[in-house]
Amino acid sequence: MIRSLLFVPGNRPGLFAKVARVRPDAVVADLEDAVAPAEKPAAREAALDALAAARPGAGLVLVRVNPPGTSWFAADLAAVAEACARGVADGVVLPKYESAAQLQTVRAALPAGATVVVGVESALGVADARSLLAAGPDAAYFGAEDYIADLGGRRTPAGTEALYARSAVGLAARLAGVPAIDEAVVDVRDEEAFRRNATDGRNIGYRGKICIHPSQVVLAHEVFTPTAAEVAEAEAVVEAEAQGVAVINGRMVDAAHVKMAREVLRRTGR
Amino acid sequence: MIRSLLFVPGNRPGLFAKVARVRPDAVVADLEDAVAPAEKPAAREAALDALAAARPGAGLVLVRVNPPGTSWFAADLAAVAEACARGVADGVVLPKYESAAQLQTVRAALPAGATVVVGVESALGVADARSLLAAGPDAAYFGAEDYIADLGGRRTPAGTEALYARSAVGLAARLAGVPAIDEAVVDVRDEEAFRRNATDGRNIGYRGKICIHPSQVVLAHEVFTPTAAEVAEAEAVVEAEAQGVAVINGRMVDAAHVKMAREVLRRTGR
Amino acid sequence: MIRSLLFVPGNRPGLFAKVARVRPDAVVADLEDAVAPAEKPAAREAALDALAAARPGAGLVLVRVNPPGTSWFAADLAAVAEACARGVADGVVLPKYESAAQLQTVRAALPAGATVVVGVESALGVADARSLLAAGPDAAYFGAEDYIADLGGRRTPAGTEALYARSAVGLAARLAGVPAIDEAVVDVRDEEAFRRNATDGRNIGYRGKICIHPSQVVLAHEVFTPTAAEVAEAEAVVEAEAQGVAVINGRMVDAAHVKMAREVLRRTGR
């Protein structure tokens, strides 16, 4: 269950220990967007050394490699595979995911059971999301910034320009049974914008959020964790169904409500 | 022409006669969401007995069966087929429509000429809507509540979370030449919300509305029946085209306007 | 680079010279929607005579033919082909584009190197946009009025009814590497509505705008030409990347930003 997928610049390994305090569900040491080309090899080594020295938190520890097709991809993947084998990382984040063969390459390189989170963040990735996600990654994030950049468009606060793609990726993820992680909110100081955007994402069916600053993790958990009232209602619905009660709180207990109630309880770990 | 598809709980057959007063284009005795599992067999019998005793109104009389894959489906379908053969029902509403084979099964069970309205209301139904509707149901509704529940999302008053799917189903219906019936409005007391939502649906190309309360029928007819002004303009456009007049009311008479004008007149039965 | 695709009624060739003053990137002599059926042959002749007499401006000169399947299509296409061969037109606008075979027919009729702009403006065109645009037109416009008319819907100022299709066509165009030209704004007096609508289009990735009045050309160029500030920022990003600088103006220089910066510079001709 990844409610928060927190990216930390791979070339600032000193941050790894600090971000553990906010208890993200997954920490990602980012070797891609956060690291300039000239620094890539040094950042890779420093990041993996830091992970070996201390695990950043109790959640998943992942490394975002550079995309397939770049000169860094093979060495990044080999380094992460070794880290997984040694137990210092749990898996990989594969950005710009555009063909099922890329996922096969990554799975083949990693130890069995390693986690693979893919990024759907290009025109081709969005257009082919259904077959790409059917190939079976463990989770997928929708990268709105990169997607809109790939279209030559521009991001806006309302985000209408990405609604089609965000909806399409959410649907494709559901069809494949893959948890979907929602787009980043770039302005890390605007908590209300994050809450609003995360709520929109949850309404579409997303299960968690990209976080690009530790302060966003608590907000993501707030939005993507069912509230006590939601849990209580879900329990009532499930119990009503089990006892054959047709109406609860003046509302028909139908299949859709039971399904949503079970989903709520599943997210609380019950 | 189904401007209103009014669902009535199958386990409350006393309502059937009452709803006839609002003259819905189609009445649906609902054996699915409206009926708790323990009550299914009794509700089926009571509903069909009531339909045999008195036809609820002058419009189509349909029965919503439980979905394919449930233990009630076969008996529901057999009962509706018999009711159609006896002339007490006109056809079936098939919920959670997800494969063309389901439609074939239903067509094969019913007398020739029976009406089949399908529900597109799941991730798979929306994703495959184009081929599913090309299989040729008589009409299709978009079930936003169930679709969003299937995604694990949540409904909002604005409905942005379902815009992608609602648009995709409307487009698929047009490609197949199947009339599309728009999502339900759950708050049955909010007339303005219904009008606004129905207007949005009509703007996307929907031809009618799911109604879950008799009071919504008059609102659906209000929105989905062309106004006198619309009819007058449509007549003017069609006449202008017939006489080779290029401009009407200061507006070019082009193919798109003629097409829309014909559609307006068709909806008034002309 | 077509920031403005200005349509001029083919039966009013006197306007051709006038519209040249606003310097549209492309002028289109429209033989389709602007001309009533009875006037089609005379308008064709008058339009092409006028183009032969004087080129309307320094940009592309195109002729919109009537759609494939109409009785005028063959003669329209032959006349445009001849005009292209004589150098008085640069190509054709093919409306209601719905099959790759239509594009092949047009390409085969025109001299090599002639420009073909297609219109995606029907249910089928939108649904098949990915394969239709992969067939390789030089540019494509999205016709929201005709698309919504084809669905039997209605246009609104907010345009939500066309967001799905507008997004799908923009994505399909990007996948095919075909510049996408955005929908028309019908109220030619409302400059703010045009700016807003064009900005939305640019945000989705569109490269230019249909113009149906000369006054809209300057607005289209305003929106679709990068500003001095955008150019300066783009230059800074590209230079930072070349020098291996990782952060510019407090923002990480990542692949998405470099890509957008290059796109901005490309639009200014650099």
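Brief remarks on what is shown
Read from first to last, the chains carry the letters A, B and C; within each, the first residue is number 1.
Following the convention adopted for this analysis, a contact is a pair of C-beta atoms (placed from the backbone, for glycine too) under 8 Å apart; a residue touches a chain by one contact, two chains touch by 3 or more.
Here the structure is a predicted model, which means the values were calculated and not measured.
Taken as a contact graph, the chains are fully connected, with every chain touching every other chain.
Residues touching across the chain A-chain C interface largely differ between the two copies, under half of the numbers being common to both. Centroids built from CA atoms put chain C at 37 Å from chain A. Across the assembly, chain C contributes residues 163-164 that each touch 2 or more other chains.
Note for the complex: chain C touches chain A at residues 130, 163-164, 167-168, 170-172, 174-175, 200, 202-207, 241, 244-246, 252-257, 259-260, 263.
Considering their complex, residues 32-39, 123-124, 126-127, 145-146, 148-156, 160-161, 163-165 of chain B touch chain A.
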